[in-house]
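Shared chain: chain A. Partners: chain B in the first complex, chain C in the second.
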Partner chain A sequence: MRSYAGQRAALAVVQLAVLSILVFVLTALLPGDAADMRFTETLTPEQIAQLRAQLGLDRPALERFTHWFGNVLTGDLGTSLISGGPVLDIVKASVGATLVLTLATLAIVVPLAVALGILMGTRENGRLDRTITSITLALSAIPDFVIAVVLVALFSLKLGWLPATWVGGSLLTNPVLLVLPVAVLLGRTVCLLSRQVRAGTINALHADYVVQARRLGVPRRRLLLRHVLPNAAVPGVQELARTGDTLLGGVLVVEAIFAIPGFATALVDGVETRDVPVVQGLTLVLAVAALLINLGADLVCNRLVPRTELLR
Partner chain B sequence: MRARIPLALSALLVLIPLLVAILGPLITIDVKPGLPYEKGGLLGTDGLGRDVFSLLLAGGRTALGMALGAVVIAYLIGGLIGLLAASTRHRWVDEALIRPLDVLLPLPSLLVISVVAVGWRASPLAITLAVAMVNVPTVARLVRAAALDAASGPVVEALRMQRESWIGIHLGYVGRAVLGPVAADIGTRITLAVFLVASVNFLGLGLSPTAPDWAVSVSRNREGLLLQPWAVLAPALLLVSFTLGFNLLADRLVHRTRRLVEAKR
Partner chain C sequence: MSEALNRRGFLGLAGGLGLAALTGCGSDGASNAAAQPKAGGRLRAVFAGGGAKEVLDPHVQSLFVDIARHKAMFEKLVELGPDLKPLPRLAEKWEPNAQASTWRFTLRDATFHDGQKLTSQDVLYSLARIADPAVPDRVAQSSLASLDLRRCKAIDPRTVELVLTAPNAEFPALLAGIGTHIVRDGFKDPTKPIGTGAFKFVSFEAGRSMVANRFDDYWDGAAKLEELQILSADAEARANALQGGQAEYANEMTATFARTAEAGKTVKIVAAKGATTQAFVMKVDQAPFDNPDVRMAFKLLADRQRLVDVVLAGRGVVGNDLFGKGFQYYPADLPQRERNLEEAKALLKKAGLLNKEVEIFTSDSTAGFVEAATLFAEQVNEAGVKLKVTTGSAQTYAKDLLTKGAIGSHRSGAMPIPQYITDRLLTKSPFNVTHWRQPAFDAAFASAQVLTDETARAAKYGELQKTLRDQGGIIAWGHPDFMVGVSAKVQGVEAAPPNTLDSARFDKVWLA
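Entry: the complex of A and B
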């Protein structure tokens, strides 16, 4: 166990180093920089060149990278080219809404998907299983923005029950704001996850040790909770890490539609104004978060079923 | 297991949007622009007073073409990496091919595509390539796993003893054995690619906001959903029909391969 965790953590460190280079390269390659985007109409080319020198945009990429990376290691993500404030402040200001949105979704998705998955798996090919499978299959084929547009039209514009956009105030003190965004995010993630749990449950139920345990008269409840669930959870947890990607994409779309001032909104703004330090900072934070989720998922899987190998 | 949804229906769900996308741009209908969100004509007008039906015909090429192109490229690159990694006898080659992809896996895909899309001024080629790149790691791993499964079996052993050529073994036998799992994966991957392309366009980071693209149309006309539902629903339905059809086809393939595996045992 310790050696697995050690190896996996070492991989994560390498991933982190490569990711930060990638994030820098990807954003530094963006044609056109903030100096272009801000003042093309009002400034002469000489003034733009001067501004670029002032913002440090004229120095070679390698020098900018070492400077940026050195600062990142000390927790300084740089300064926004547009607002002039520290990127860290932008991260802090926007992380809250996104975190609330994601955690609220996960708090519903995980129990729901596990329950549905086990329900389907224990009734393999029964009527209930086939009905839920068909529904999840169909639902996972609808893009989240289509669900969002239809839900907003129905519940906010037509019926007037729920607010269509974020109107100020905190998501926590005004949970009504969360209902539609979370409903949109639930759709696909529950479907993807519950199908994995179902497959895991079916595999575990057919496994020799479960058949044997059943022969020995282990009660059904104990059989499901102690023998089937840990093994069924492995594909589920792995899928959950991958669902993080789907969820993040969903959060981007949902924040844009409901005008929630979160991470995605800050990111889209940063990309549109070529505010490279902001984009770099936000992308790095997101990539690190995704990396930690993957690391966590692998460690949990190894704990549940300690036979997973790192070097396949 | 009995087929729940007939094959013909799944195929039809895929074919209708596909035909609209391929043949649509060839048909030109001369409709004068009217008022925004009018109900007249076949499907009315959109928020800019343009005819929804002729927009639909023109908007499929980008909505589906970019996604399909991305999946093809992802399979060309990822498939090659996966096959090479699985068929090499040197462990370091395998490691050198697959390890770098492990590092790429946790990169949030919509993020990468958005940055690329905006950076290259919404060029459809750049977006297609970005969608392809985020899919390469998963495709490579899938192909590698499927190929290893086939390459470690007795058939390859026998072929090797018959002095079959390396190319004959790996492209002829292993390559074909990989097709089963690949076919099932392609269905879900196309759905995913359509989603990614559509999301980038919906967010306004991709194609221009006046483009006829289906996802852009949904985004542009969403305020008018109650006034003139078809401006949003028609492109949305075409998109959903395509992804739903592919999901159903992929599901069938998964069941079939699983049955084949069980039959072999």
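Entry: the complex of A and C
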């Protein structure tokens, strides 16, 4: 177990380093730099050049990267080229909304998808199975922003029940702000997860040990909860970790539509203003989070079904 | 000016379509406003955001949202009227010497939020702070470069004498430019803004919000609103927030939104007719536009009315190849240029351009750029010249246009005509996208600017603009309306071009 953890940690460090280089190169490939983004029609080329020098953007790319990387190793994410403040401040200011959004979605997705998955799996190809499958597949086929626009048009603008954006609102005083964004994020994730749980349930139900247990007269309820669910949950938990990317993509769209000041919004702003340290810092935090989630998922799977091979 | 406006354009379109599918949503019973302004309440105004780019420092700004925030708390010596003519603000009057090189400004009896009276010293400190060469992003630096700070002085606490290195009869208008606010003497920490404006600072989060409260000792009469929030959001979120009742004022709205809003009862559109400018710009030193005949031919090929109808959905005014229609010094007596296909063909034939291909360089950095270029390409094609549309990066377009593309797309907000010429049409102008560099034009403009007699100055400017219209590289085809959406209960919002006194001004606004 220890050597496994060590290998995982070493792999993670390499992954993070490669990712940082990739992000740096990709942002460098975008047209223009942060000094260009401050361009106004009254700034002279000399003043732009002066700004560029002040921001350190006239130094070689390799030097800028190693400087940034050295700072990160000491725990310093650097300074925003646009606001002039610490990148950490931007991370802190934007992480809350995204975290609340993601956790609220997960808190609903997980029990809902597991319940639906078992329901469908135990009634394989029955009417209920086919109905739920059709609905969840249809929902996952509709792009997030279409669902969002329709929900906003209906519940906010037509009926006036729910706020259409986070503009001028605060989650503390108005938790109802979460309803529509979470509803949009549910669409695809519920489908993906419940399909996995369904498949896992069906597999488990057909497995020899379940057939045997049934023959021995184990009550159905006990059979499902004690023997089928843990095995059925394995693909679900692994899928849940993979859902991370899907959810992040969804959060990006949802934050844009509902004007939510979260991680994705900060990232988009960072890219648009060529604020390289901010983009680097945000992706690094996201990558660490993704790695932790995947590690967590593997460990959970190991707990659920100890025979799962950890190193594949 | 507002770079954030167009991002996520696809989502914006989707949002717009979603809105367009709806009709008005249940009136809240607000009838025609009572004539009596009421005090109290909170107004939430939403502007295009700029994320971490948003600043509290009133001397560093370029976004509408920054301008609105600073305007709530700070004031300038001079402001601009609806025709972009200087109006007294913190300076109640001014007097130049005979050469327009030394100006005396008399200050109003105004009070800062910390209780201190406005003095000449505050003015001198503010101007020196703007001019600080170590901080190039203080935006008014180049426009106020002619100030000779060492010779500027306080005559008494309420009179200040400003001396210029070169005479300039337009100097008051320069003091009304972006980023010219008067701050307290010794102002260093932008996170603690203290101004003379109608609202006092409460809180600020870049990319999100600013909250300010009414300042009771405001010299121009305390505001009606108790609290003002200035928030940031993209176009589709602004539309949703306004229609969904989460905001009472939304800046810079589209024609699509206006059409939807006008069908309902909850939202009103306040439009400043033809307040901004859209144009195609030809580089007069690059083939084929180094030939004046080709420039004239392209001007004659633009079907301006159709461009306005299609690209602006009719919410605009046709242009006459000049910036600033309706503004002070605009030569309204020049005849409207009309489309003339035959004459254009003859000129193109003479220039040997028939059946050749020309590239127009555009981007979706501003709503309507690509659409206008595409439609114009059709209009040019009819004369036998192929105009090919190429699209560049939206975020760097303004800068790229300086060097790229023999012909491109151009927009401008509202500003005084002499300022437009100074920034864009002189040999040394930083944003001379038409490469119009004519020593004779520079000299004539300089000699006009020193004339203290306004009529004589206007006549000179008129001649210069006629030259530009006939020989220059600007095909100003239209002047889009500047539109603001307000909820039905909001009263006292004036239709005003951006960057003028009454635009994004909330001290006279009240809620019915």
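In this text, the second predicted complex is superposed on the first by the 288 of 312 C-alpha atoms of A that agree within 3 Å, B and C clash if a C-alpha of one lies under 4 Å from a C-alpha of the other, contacts with A are read in each partner's own complex, and residues count from 1 in each chain.
By our rule, a contact is a pair of C-beta atoms (placed from the backbone, for glycine too) under 8 Å apart; a residue touches a chain by one contact, two chains touch by 3 or more.
None of these values were measured; they are calculated from a predicted model.
Undergrad: Determine, under the contact definition given at the top, whether A:217 touches first (chain B), second (chain C), both, or neither.
TA: Once the two structures are laid over each other on A, A:217 reaches no partner at all.
Undergrad: Just to be sure I read the superposition right, which of the two partners does A:157 touch: chain B = first, chain C = second, or both, or neither?
TA: So A:157 meets both chain B and chain C here.
Undergrad: Is A:256 in contact with chain B, with chain C, with both, or with neither (first, second, both, neither)?
TA: In the superposition, A:256 contacts both chain B and chain C.
Undergrad: Can A:80 be said to touch chain B (first), chain C (second), both, or neither?
TA: In the superposition, A:80 touches chain C alone.
Undergrad: One more residue to check, A:142. First (chain B), second (chain C), both or neither?
TA: In the superposed model, A:142 contacts chain B only, not chain C.
Undergrad: Using the touch definition from the top, say if A:266 reaches chain B (first), chain C (second), both or neither.
TA: Touch status of A:266: second partner only.
Undergrad: Under the stated touch criterion, which partner chain does A:11 make contact with: chain B (first), chain C (second), both, or neither?
TA: A:11 sits against chain B, while chain C stays out of touch.
Undergrad: Please work out whether A:26 is in contact with chain B alone, chain C alone, both, or neither, and reply first, second, both or neither.
TA: first
Undergrad: After lining up the shared chain so the two structures overlap, which partner does A:125 touch, if you call chain B first and chain C second: first, second, both or neither?
TA: The first partner, chain B, only.
Undergrad: In the superposed arrangement, what residues of chain A touch both chain B and chain C?
TA: The answer is residues 31, 145-146, 149-150, 152-153, 157-158, 253, 256, 268, 272 of chain A.
Undergrad: Within their complex, state which residues of chain B touch chain A.
TA: Touch list, chain B to chain A: 1, 4-5, 100, 102-112, 114-116, 118-121, 191, 194-196, 198-199, 202-203, 205, 215, 218-219, 222, 225-226, 232, 236, 239-240, 243-244, 246-248, 251.
Undergrad: State the interface residues of chain C toward chain A in the complex, per the touch definition above.
TA: 3-4, 7-8, 11, 14-15, 17-19, 21-22, 25-26, 44, 46, 50-53, 62, 136-137, 139, 141-143, 205-209, 229, 231, 233-234, 236-238, 240-241, 243-247, 393, 395-396, 398-400, 423-424, 430-431
Undergrad: Using the touch definition up top, name the residues of chain A that touch chain B in the complex.
TA: 11, 14-15, 18-19, 22, 26-27, 29-31, 125, 130, 134, 137-138, 140-146, 149-150, 152-153, 157-158, 245, 248-249, 252-253, 256, 267-268, 271-272, 279, 283, 286-287, 290-291, 293-294
Undergrad: Quick check on the complex: what are the chain A residues that touch chain C?
TA: 31-32, 36-45, 47, 50-51, 54, 80, 82-83, 85, 90, 93, 145-146, 149-150, 152-153, 156-158, 160, 163-165, 167-169, 253, 256-259, 261, 265-266, 268-270, 272-275, 278
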